[in-house]
Amino acid sequence: MTLIQSFTEGQEITGFYLLKSSTIKQTNATPPKDYLDIILSDTSGEISAKYWDASAADKETFFAPMLVKVRGVVQLYRERLQFKVNKIRPAAEEDGYHITDFVRSAPVPPNDLVYAIKTAASTIQDTDMQVIIDHCFGKVGDKLLHYPAAKGMHHAFYAGLAYHMTRMLELAEFVCMQRPFLNRDLLVAGIILHDIAKTEELTAELGIVSEYSFTGKLLGHIPLAASWVTEAATQYGMDLNSEKIVLLQHMILAHHNLPEWGSTVQPQIPEALALHLIDQMDAKLQAAEDALATMPANEDWTAPVRALENKSFYRAKGN
Amino acid sequence: MTLIQSFTEGQEITGFYLLKSSTIKQTNATPPKDYLDIILSDTSGEISAKYWDASAADKETFFAPMLVKVRGVVQLYRERLQFKVNKIRPAAEEDGYHITDFVRSAPVPPNDLVYAIKTAASTIQDTDMQVIIDHCFGKVGDKLLHYPAAKGMHHAFYAGLAYHMTRMLELAEFVCMQRPFLNRDLLVAGIILHDIAKTEELTAELGIVSEYSFTGKLLGHIPLAASWVTEAATQYGMDLNSEKIVLLQHMILAHHNLPEWGSTVQPQIPEALALHLIDQMDAKLQAAEDALATMPANEDWTAPVRALENKSFYRAKGN
Amino acid sequence: MTLIQSFTEGQEITGFYLLKSSTIKQTNATPPKDYLDIILSDTSGEISAKYWDASAADKETFFAPMLVKVRGVVQLYRERLQFKVNKIRPAAEEDGYHITDFVRSAPVPPNDLVYAIKTAASTIQDTDMQVIIDHCFGKVGDKLLHYPAAKGMHHAFYAGLAYHMTRMLELAEFVCMQRPFLNRDLLVAGIILHDIAKTEELTAELGIVSEYSFTGKLLGHIPLAASWVTEAATQYGMDLNSEKIVLLQHMILAHHNLPEWGSTVQPQIPEALALHLIDQMDAKLQAAEDALATMPANEDWTAPVRALENKSFYRAKGN
Amino acid sequence: MTLIQSFTEGQEITGFYLLKSSTIKQTNATPPKDYLDIILSDTSGEISAKYWDASAADKETFFAPMLVKVRGVVQLYRERLQFKVNKIRPAAEEDGYHITDFVRSAPVPPNDLVYAIKTAASTIQDTDMQVIIDHCFGKVGDKLLHYPAAKGMHHAFYAGLAYHMTRMLELAEFVCMQRPFLNRDLLVAGIILHDIAKTEELTAELGIVSEYSFTGKLLGHIPLAASWVTEAATQYGMDLNSEKIVLLQHMILAHHNLPEWGSTVQPQIPEALALHLIDQMDAKLQAAEDALATMPANEDWTAPVRALENKSFYRAKGN
Amino acid sequence: MTLIQSFTEGQEITGFYLLKSSTIKQTNATPPKDYLDIILSDTSGEISAKYWDASAADKETFFAPMLVKVRGVVQLYRERLQFKVNKIRPAAEEDGYHITDFVRSAPVPPNDLVYAIKTAASTIQDTDMQVIIDHCFGKVGDKLLHYPAAKGMHHAFYAGLAYHMTRMLELAEFVCMQRPFLNRDLLVAGIILHDIAKTEELTAELGIVSEYSFTGKLLGHIPLAASWVTEAATQYGMDLNSEKIVLLQHMILAHHNLPEWGSTVQPQIPEALALHLIDQMDAKLQAAEDALATMPANEDWTAPVRALENKSFYRAKGN
Amino acid sequence: MTLIQSFTEGQEITGFYLLKSSTIKQTNATPPKDYLDIILSDTSGEISAKYWDASAADKETFFAPMLVKVRGVVQLYRERLQFKVNKIRPAAEEDGYHITDFVRSAPVPPNDLVYAIKTAASTIQDTDMQVIIDHCFGKVGDKLLHYPAAKGMHHAFYAGLAYHMTRMLELAEFVCMQRPFLNRDLLVAGIILHDIAKTEELTAELGIVSEYSFTGKLLGHIPLAASWVTEAATQYGMDLNSEKIVLLQHMILAHHNLPEWGSTVQPQIPEALALHLIDQMDAKLQAAEDALATMPANEDWTAPVRALENKSFYRAKGN
């Protein structure tokens, strides 16, 4: 299969790709005519595509995300490559392709990530915290295997949420070693729970967020996660006013640090502060790494990065 | 009994007053000597008092708030009246005074306020909302009869919280009449629940807040109230994702309107907006009314009012 | 007449509608050709329309707002309905239609609104305030019968300004009843005057603001209203430094509450505070009500509402 | 007479000084005793003074500002010089001193400043503007001869307002020469009127502001000056909507440039922009000059200057 | 040659103009066809132009900025004039035109501006400052003759930087005369150096900035200028901690006054404050003057001016 | 020697302590009498002390910081312990005490910290960066052995600056391992240089900052460090515009991330971002750790921590 990032003008392509988005549009002819405006992607990047001859049946068939087989030709339009689709059909099971082979994904297998997270959870010594975390794992189910961590700010890829958690857990181990006064139980539990309700806040498939959910818009992932802790504590008869439950809820509520970032309380225990700082470090360095990894080879500067003060990043030449 | 606001210089006073605060301090003599620095109050106002001859036993006896019988003389110190205590003892039951006769209080009897609130709750047609409200009433217990609504911003007096709720409910009736498209159930439930966790956030006695509680500092009354809704819904088997539960939690979370005022979500249903506006109107007009009602008779301008952009208010002469 | 909100694809329509805007544009053919890009509206909503065959005479004939008779067909373009105009002519007097039957309007007849406002004015006991208000009514003339209250933030419809005043006066009656310490004269006068110079600040016809006027841009409606009070006081020999005139000007200047909202002084009398709060409550609830009333029937969320922190509002299903 | 800035420890002084402030305070003896806490000043600076033996009659006699004859001794208290008053009496007419010889004042005689301002006014070619300015001069009367321009931000000295105007007029001449497209009439009129209502906003005597006035607090000098223009235009039958009146009012309203600085409209004609910039330049450079001129001789840094981002200024050694 | 601002619809034009920008675009025909989308300009203004018949060779020939000879016709498109190019070729030396005759430029010859700046530099009495300024002149070279002062905020024309410096020097002379306590050496040196590294920060040709340079993005002109001072002082063996060097660096670092405008230190010597104020006055008045000078003759209001709070400016009719 | 944190009321103490501050004050007797108001400290904490019988010679003898031998008694004053000095003399060399044994200090010996920093510097592969760092080490000299990292925000103790660098270098090793795409040379060099000019910005002795220096106030440590890089590059003939020098300066200039925190450029290479994040993490966690380590044993909450949004921190009971 030809990788999208190696497409060249004039090339004829037949292969399987991910239909990342598909919209019915109309030409500006008189009368206007419907066509499919498509984004095809694989792990190496994505390309705009047009299917001019879409039939009424086609319009009912192709909805993102979906694995498709296409045939067509690469063209140059307004200085950018574009793919003209001549034939398109959904991939069938017997084609032998897995859609996950085509989506941008965490560099570690999702199962390994989830295993690492659950292993970390099992090292927590406080059994109440373990029960609460298990309750939340139960609510999340398989979503942890594939949800991204955000719509676009950072870790916006398949299993991005689990990857973010895993890397934060690594950092937390180092920080706990450097500063032994920190309560490791609280910090590990806080990392696992702080973003876990993103699985409820966002509607996502194959690592791609399509929109904020009903509860996501009206409540947000921070109050949702706090609510899950209350739900678990209530079901298992824990005291909502016990120090450990209050501190755990505080970890979640304070992890964005400031009201304008979504936290109405500020960190007032060192573990909440550490959670916030570890979250920032992982999210921001990942955003920079992603911006540089996916920039065009012939540029010196990335596009502006929303998560990083909307600044472009420079790729050093090393000379 | 002589009202504090009618004390005059040189007057000898014997009577019962509320010991609103009492601190052990030391004179600047060498060696320094301990004395009690006191605030006495009644419904008409308050006055600074000094008990120079405090014994070791006295230091263990007088803690605010407490009803005391004092004898002493009114003096002028730095252009303000001050009371020199010659004798002081705690009031005894046989003295026949009720401490609540000496605290600044809502202008309506607390029982009537609570009755009005519970009556309003009973008119809610949705039975789940009723169950949740009852659950919260159960957690609050008698506190609703005497808690203030805040430490100092507005309604900082005995039963101030219930009075605030009651007046908001009156306003809500009018607004629902003027705009029938509003869901009255949601609005009434939101008014009753929006500040109910102030009884947990603040530590108060006799309408006087001494400090923010442990959970008040680490969580705050908005997440606490949301947690109580989750607790009730969990105990009674309601669906946390049902529209009515989500909207009720949204009412609570959004009622401060902006992140810098403590709301991480903004009103996105008209009832949440109405709740915010009714809350503002009642809190701010009460703050202005209180500032004007308690200002010295010979002044034209109040002291700066913290709840009102820290502005002084002018008392019109009407000429 | 078929209401615009019930138009369906393919339908042939002949009828009278309001030409709400009309712009000369050009097709992207070579050479480009002029056509009229039109918005038609009635009380139920509005629709984009194209008149491809506009003659040079047409271009000189059709200027918004104007009542027109059109014949044409409803088409689907980019997933939205659009009206293709085949014939169009200005409505004539003998057609028997009144343009006001086609504009979105306050739900109460303008004459009733103005009558209610003037009745309220007549209950003011202070004769100087009455004189000042009459002077302002004189300057405004018939505009009070049809001006909107804003370009788009709230009450942007025919007689929106008078409707806003009337509803605020109702709210004020309730608030004065709830809090008798308020000076009713000042509050009623303040409500009538606070936005009255919008009739000078904005250029509007049929409830549609086309632009800010010369004085609107350089001075704004708040300083303009203050100036009218000065003008009246000067003409009738009142003392500009008398308490009542100063307080009335203060009501006007402070009603936006904060500098960033247009007030260089903050409310420092309770009536100015009440005016601000009543203004907020009526403007914001109206904005929410309008957004929900005009949203498409098959959506759950409105478009973002500029007056309400740019948030979308949710229409509850009630399940 | 010995200048205050040359007082030295232990020196016995007899002389006339300005009583800049006088407050009755009490010693911390038991019982406390009243004394007068005084600030004495002359053109070279000021010094704290104590009159320990104040009689009841003294307390009724000495109110700032007032010229007094004192006898006493200079002492060192907490590392700063302080004056112990042994005798004090009000200066009498026959003593032959003028209080203005003792107040900090503009470096140009007030009459010359007012003459310069009126001369500039007379060069305005537009007769309506002249009439309006004359009307305002009439309202201000003698205050222009002695009012300061502010309570403490800049030009807080005798005739500071007239000095500020005069220097701004000089700068304006230069700027009009450098940029001939500016309308000199508008700019000169704007400079004369922009702060003229400070004479109404502030209560001041001998160049010392004691407080904001009733109208100062409720309206502020910008709306007051705009109101005076309206008053003049109304009295002399000018059209309030004529371009020249609107532009003149715009000059006044916009001269603080931003809402948070008190302007609800921003400059939208170049003369309003020039007025703002000239005002800033004169006010800020004067604040720096004053801070450096009145700093102690043995310091390198001034106290923080409120008008200049609260920064201390450095006096260069020139080495 | 016909000036661009006097072009009229239908007119046939042959002449020399500046090709200010040239981009290859494609028509929306199927298949799309390349054409050149051009901006032509002269000293009177600019006009959009289209060259529909661009050959492959043309695409390699025309790069802005360049002087070209064009033949074509003026058309009306979307209510604005546009130029249809029929023939285009680069101007040859024998055509006898100088490109600088076609660019918008400072109203004073660049050589005169540079002469004025160097003359001012020569009046500085401190020889170290002279050496540093000479070092910076050496780094800048010929750029001072043509660089604009900014990309678009103010003085965005040929020799705009030198013009800005010159006018600031004039203002500084006046201010030093009005306030003799200012150190003229420091102020003159500060004016010359404050923006001098814009020649390094910006990439510009013929007074037109194409982009921020590598060092411009990563360092900015303020740290660059400070670095040049350090470089000069190091090369010539001056003490980096001497008062004069520190003050000179402070002038540069503080001239934007506030962190959000790019200054991490605020003015703490009066000359740094004066530099900031003079810079503001010249930049802002120039922005207003330019906006009014280049606005269409039949408009009353300019387009919004980015440097002036994004406000439109009004051109007074003078009636 | 008795540790200060174990002092109890009434105890008589003789021993050596650090005189951390000493101020001449006066009693409020008449006439007032001079005494020394002292802070004594050791590694366990500090205590307020009074030396009532200070002679004129004493006033010339005791200046902080200095090691002293004191005899006296512990008293209770206003609910806090205080030390009454009866005898005091400077420690002599023959007393055999080292002042550094009495100052709060990094938990690692300063020599080890400096060794670790220099070892890290030696692993940088780029020789130009090494030369620049050596140049800066030369300027700093012995200060690296004892300077604190700030006046009070974080690491305000002996060798706090070196400790901060060392811990950041440890974190950087981990981050470079986790994210191999980072340029280790740049990150290590950036960590060593980012705060190095604090040794010039602050005046400190024994880990205690007394004030900001002349260059500290007028330039600040960020521009100073950038200037040192320029100085080194100039002396050793490196190209100021080479990528490595520009990136190194960018690291320094951008490490505070936002203008309001002192950075006029934002991180635009990933190493600058990592430097900022590592700096934040180490500074903030240290501030929390210090606040909890030095809080009184019987409290649950620390005093507000200025570096951490001015929040108090809670010490968990672990129950």
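Chains here go by letter, A, B, C, D, E and F, matching the order in which they are written, and residues are numbered from 1 within each.
Assume a residue touches a chain if its C-beta (ideal position, glycine included) is under 8 Å from a C-beta of that chain, and two chains touch if they have at least 3 such contacts.
The chain list, named the UniProt way, goes like this: A, B, C, D, E, F = 3'-5' exoribonuclease YhaM.
Quick caveat, the model's predicted, so the values are computed rather than measured.
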Classification of the chain A (3'-5' exoribonuclease YhaM):chain E (3'-5' exoribonuclease YhaM) interface as same or different, half of numbers criterion: different
Equivalent interface to D-F, taken from A-E, E-F or B-C so that over half of the residue contact pairs match: A-E
For chain A (3'-5' exoribonuclease YhaM) paired with chain C (3'-5' exoribonuclease YhaM), centre-to-centre distance based on mean C-alpha positions, whole Å: 44
Centre-of-Cα separation between chain E (3'-5' exoribonuclease YhaM) and chain B (3'-5' exoribonuclease YhaM), whole angstrom: 62
Chain A (3'-5' exoribonuclease YhaM)-chain F (3'-5' exoribonuclease YhaM) separation of Cα centroids, rounded to whole Å: 41
Two or more partner chains touched - positions in chain E (3'-5' exoribonuclease YhaM): 28, 214, 217-218, 247, 268-269, 312, 314
Those chain pairs that satisfy the touch definition: A-B, A-C, A-E, A-F, B-C, B-D, B-F, C-D, C-E, D-E, D-F, E-F
Chain D (3'-5' exoribonuclease YhaM) partner contacts - residues on chain C (3'-5' exoribonuclease YhaM) that touch it in the complex: 214-215, 217-220, 222-223, 226-227, 230-231, 234-235, 240-241, 246-247, 249-250, 253, 259-260, 262-265, 268-269
Residue ranges of chain E (3'-5' exoribonuclease YhaM) touching chain A (3'-5' exoribonuclease YhaM) (in the complex, touch as defined): 24-26, 28, 32, 214, 217-218
List of chain C (3'-5' exoribonuclease YhaM) residues in touch with chain A (3'-5' exoribonuclease YhaM) within their complex: 28, 77-79, 300-301, 312, 314
Of all residues in chain A (3'-5' exoribonuclease YhaM), those that touch chain F (3'-5' exoribonuclease YhaM) in their complex: 167, 170-171, 174-175, 178-179, 181, 183, 243, 247, 257-258, 266-270, 273-274, 277-278, 280-281, 284-285, 288-289, 292-293, 308-309, 311-314, 316-319
